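What follows is a pair of complexes built around chain A, which joins chain B in one and chain C in the other.
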Partner chain A sequence: MTAAAAPADSRRVALADLLGPAARRNAWSLGLLGFLILLLVFTKLIEPRYGVTGIQGLAISVLPLALAAVAQAIVVISGGIDLSIGSIMALINVVSAVLMQGQSEEFGVAVVLGVLVLGLVIGAVNGGLVVVTRIPDIVVTLAMSFVWAGCALLVLPTPGGGSAKWLMDLVSGSLGNDWIPKAAVVLITVVALIWIPVRRSWLGLSFYATGSNRLAAFRSGVSIGRTKLLAYALMGLFAALAGLSLTASTGIGEPVPGPYTLLSVAAIVLGGVSLAGGRGGVFGPIVAVMILQIIRTDMTFLNVDTNLATVVQGLILIGVVMIGSLVQIRRARA
Partner chain B sequence: MKHSGIVRALATLTTVVVVVAACSSAATTQPASAAPSTAPSSASTAPSSASTAPSSASTAPSSAASAPAKMYTIGYSNGGGVGNGFREEQMCTARAQALVSGQVSQITVTSRNTDAAGQLQDIRDLIAKGVNAIVFNPNDPTALNPALAEAHAAGIVTVAVDSYVTDPNTYNLYNNQVQYAYLGAKWLFQQMGGTGTVYYMRGLAGNSADSDRDKGFKQALAQFPNIKVTPPAGVATGWDPATTTKLINNFIASGQYDSIQGIWTSGMDSMVVSAIQTAGKKQVPLVGADLGAFVTQLLNPTGYPGLKGVAVTNTAGVGGAGVSLALKLLNGQTVQGDPSASQPNTILLTPVAVDNLTAAGKAQLKSWQSVPGLNPTWPLGIQIANWTTYTPDQAIACKGPGQ
Partner chain C sequence: MSGVAGASKARSPWLSAAVWRGLFRDRPMIPLLALLAMLVVASELVRPGIVGPDWIGVILRAAVPLAILAGCQTLTMLTGGIDLSVGAVASMSGFVVASLAAGTGTPTAIVIALVAAALAGLVTGIGVGVFRVHPLIMTLGMGLVVLGLANFWQLQTLMSSTGVPPELRWLGSGAFAQVLPYSLLVIVPLAAVILVGLRRTGYGRLLYAIGDNPIAARLAGARSWQILVVLYVISALLAAVAGFLLSGYTNVASVSLADSALLPSVAAAVIGGTSILGGRGGYGGTMVGALILTVITSLLSSLGYPDAVTQILFGAIIVAVAAAYARVTSQS
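For the complex of A and B:
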């Protein structure tokens, strides 16, 4: 399947030339989109029955990780990294499930708004600690991952709780046409409503500036501390949305964090975000999450041994990133 | 640009490819969107056509193989305990039963340590694959219900094994944990002559199997009014060998062991026997599970003099039994649920208690033990009467149809 990336790359170069600077800037994301389309065609070939149910399943399955990847991308773009995203998701998941259990639908709205604010605060705490203590991000957030995971277990020791009906309905099923899953609409709406205004404002610019060169950003008048704090707060908001999506898809709260932290890092790397900061966006990581998910689906369709499937998934991840880097190096020389 | 001509040609070519791919996927998606709606109807008609000859299929799997019976595909989802012998054995028995049934063309197993959201995704993948039945070990009683409803809508039979789900269309099949505790406790209280004190070593607090076992223990206790329990609510071992060893060592060191006449364990058995042996104390009658290390101790009177014990089966053959149940349902057979279970559509497997006091019991324990190549962490009771037809070797080989 790594070989399949080659045509996708040539197409990417070509599209970049056709569509001009905007495409050139998003060349990596467009290449990934091409790879995703190839994978979908491949999936259709190996399993002719793959259709509406498959697409709906894909949309609802990727929602938590896609939101987690957006959260991670924002922090990494501004020069940090957060290893507590999975724990924050678990905490938000259990808090919302405990508060919503047996309550009215209207109360659920208040709970959703409340936990989104809680997410902002949790993110700000992570960011504040990074800024104030000057301890490396990776250390602070790793430590905080234990704190938030412990809090989740204090709130709810064993899986339980409940969810408002409207929240569960929000992500399951489709909107009008069968081919438009509600989960995808939610994802696009949420990301567009929050990220695009931020990206276009001074705040988005300072995220990229701080991430690519702290000193230059500082000398240009960007407040590094405030920028990092806001980046982490925004991360907390998206992690809270990811946690809420867990509540919405399962209807319960689970205190033990899922594998989201490391998968979110994998997704942003595959999605073209530079771990050094300052480069990338949120569109690429979302496509990357879909690619990771569909590879797993293909493994199930091909009846590959599940342990081997994990190995193959990792190899594809590193293969795609390597091919992408090679193409970029060659373009830089040309 | 030097290569602009080539680039332009490539661009045109790739654009064409994209358009063709998009159109063909759009074109093929039209019939595909119709396919799922026709698939359930064909699947729902299949059981009725197969139900004309259910007896031949169920009574003799070999005859089913010779006659071209309807072949099914089965999906198996495991959402946790990767590397745990109990879970591994479940998956291997599922594969083995699929193989010997002669009615399964392919079994797809997805297994990973994940949360309920991850298992939802695995089940949805199996639905998209279009399997006829999904057998799964649920991570949660309610969280999987959305995907199970989707499976039902697609005409897929769903069977939960080892634990239950509340979805009304899913069948549950698991070991009767109330009975598990009752059988062992009753044997123990009888051995003690109906009088004395029992050290009550439970499993994991809050776990549904642990709560059920507590019920069974209390049922037996109600029949023996002169038996006392210490501590009254039991101690939680967490089914963790290290915790268990610490608990029993403290119990012996504090002198409390000298005033009890029996021990009930929730399967954390061999480490208790070893600790008593190491402390140089006399063994009291003890209840354990059908685990390799404990059964070896029970059959070793020179190594563990005076050890009287009973092994209660908690079979991991539920995976294989789940496949059998799914096939029965696919063939349109009616399956009688157990009214004592907390959920409708539930089949409870009855455990067996075997002690080392009679020759027959010893022979039974030996027969469990005598399976060569069995992983020491696997429970010994591999087969389940009336539900599984594979041999122990086939379970150990862990190969499904076509593998």
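For the complex of A and C:
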């Protein structure tokens, strides 16, 4: 469309016009990516030994939170929020660890498929409650976080259980080249296989439509209830994947939820997803998760107290979001 | 509820569903107090003889810090916000007092803790009011900052968790005649100020106005950034007071003391009828909500279920109560 409007004699301008909207749409994510590269260079400078093992460690350690952030991003894009993601992850983690302990490798495949379905169901329960009760999403999912965490404790009171060998092999080590960690391949594959088809279908469109303007979406023929239910179910699926990645990376089940719920909210906001809904994607949040993790690594290299590292994480979160909102305020005025 | 009302409709037009609904809409306290009464009766049925002066004292003592923290949520939720930093601020304040009281004396330590809390609230308020960062994310980030600083301070002072000054222990866990806890001395004036402030002062009205319709409030001349900055300072100060009481109640000064009270504080405000979308609600319902949650907790623990089942029931009850409340008091 823009290309046609551009002067025909200047191919360069036309190309810039073509690339322009795409770059502008993803400006925030691209900026984050640049920041991540800067951080990687900085890490290499302060710790010359940082290399293959560092990258592999980074990939494994970001996997659960990255998947949780994708889950959160999907719900927030469609206009909700889920504060029970951490609890769902814990539940899936313990269920898979208990079922897989001492069982055959083949049985592990069935367990993985089973808990993924369980994740879908759990997400659908959250979504169904939001749709049926019409209480704000934040309240429902906050209450459900107690329920799912309680279920996790019921399944496994103390840390334990085990994991199938192939599941643990799936995320540790590298694929072919040392620089391509398996965990990163898993992350990219899962997101590409599940999110991209959804994003490109009517379903993804109705997620964005519902999130950006519920009434307009309803009047355009989008079933709000069904969209929300499916968004939550998809969230449950990704939360289940995140929980499985916990099992895979630790090899055990841990019934007490980690700090993933709030960190996932922080990551999606850093990643350019608007909490008001309808804006953002899953690429930005994944990059944001890596940034949060690598800052933590840098702090250990610099011998900064880990508690101060928490402070710095909080400050970066606040600072980046402040900059983002300042940019928006100025754009609105201009 | 509607079944009962429907059955009586045939006989008496005065008790139709619409009448009940209108009554509940105008007086949302009635269903809340009825629920509280039902829970008290249920506690008595589960453990005959448990409900008595001692029990009331125990419930009140546990409910007061929760009610204050829920007050932070109520005030911020009225403007359409939320304060997720109350847990960190409350723990930090309790810990600062416990670590400084021996050296500086309790009053000075309390003042220092209040100043620290107010600073945190000021930063939050500037972020939300001036930079228009979403309150959820601003208070989340501030919570991380406060928690990290408190942890750092803990390492610097190398203090074990036994230094809660006797004054706070007296205030948090003592009681008149073993029944009325001294913490009522704190919450009664606080509650009066909040209730009167929300109903009768211009500032209180402005909180509702901003939450109900920020654009209309701005066009009417409200300077929302000033209101929000003050609001988040107030919220942090309230959280600090709750932290003092909580550390006195538990006799523990730890930097994660109030973390577990964060989610119940949001739940108490929501059950109490404050809309998380802003503009609707009040502190009276929130206090009843805090009492309801405390009674539920004590009821569940007296049933003797394992911790896990208690948690599940707790969450399920919150959803059920919030859903029923929304239905009973709905506008349509």
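Just a few scattered comments:
The rule is short, and it goes like this: the second predicted complex is superposed on the first by the 307 of 334 C-alpha atoms of A that agree within 3 Å, B and C clash if a C-alpha of one lies under 4 Å from a C-alpha of the other, contacts with A are read in each partner's own complex, and residues count from 1 in each chain.
The rule we apply is simple: a contact is a pair of C-beta atoms (placed from the backbone, for glycine too) under 8 Å apart; a residue touches a chain by one contact, two chains touch by 3 or more.
None of these values were measured; they are calculated from a predicted model.
In the superposition on chain A, A:A216 makes contact with neither chain B nor chain C.
By the touch criterion defined above, A:I60 reaches chain B but does not reach chain C. After overlaying the two complexes on the shared chain, residue contacts for A:I138 are found with chain C alone; chain B is out of touch.
When the two structures are aligned on the shared chain, A:L153 is found in touch with chain C, with no touch to chain B. When the shared chain is aligned, chain B comes close enough to touch A:V256, but chain C does not. In the superposed pair of complexes, A:L113 makes contact with neither chain B nor chain C. By the touch criterion stated above, A:V311 is placed in contact with chain C alone, chain B being left untouched. Judged by the document's definition of touching, chain A residues 157, 310 lie at the interface with chain B and also at the interface with chain C. Those residues of chain C that touch chain A in the shared complex are 82, 84, 127, 131-134, 136-138, 140-145, 147-149, 151-152, 155, 263, 266-267, 270, 275-277, 306-316, 318-319, 322-323, 326.
Interface residues of chain A, counted against chain B in their complex, comprise 7, 10-11, 13-15, 17-18, 34, 37-38, 40-41, 44, 47-54, 57, 60-61, 64, 157-159, 168, 172, 178-179, 246, 249-252, 254, 256-259, 293, 296-297, 300-301, 303, 306, 310.
In the complex of the two chains, the chain A residues touching chain C come out as 81, 129, 132-136, 138-140, 142-154, 157, 262, 265-266, 269, 275-276, 305, 307-315, 317-318, 321-322, 325-326, 329. Interface residues of chain B, counted against chain A in their complex, comprise 7-8, 10-11, 13-15, 17-18, 21-22, 24-25, 28-29, 32-33, 35-36, 39, 106, 108-118, 120-122, 124-130, 139-140, 142-146, 150, 154, 206.
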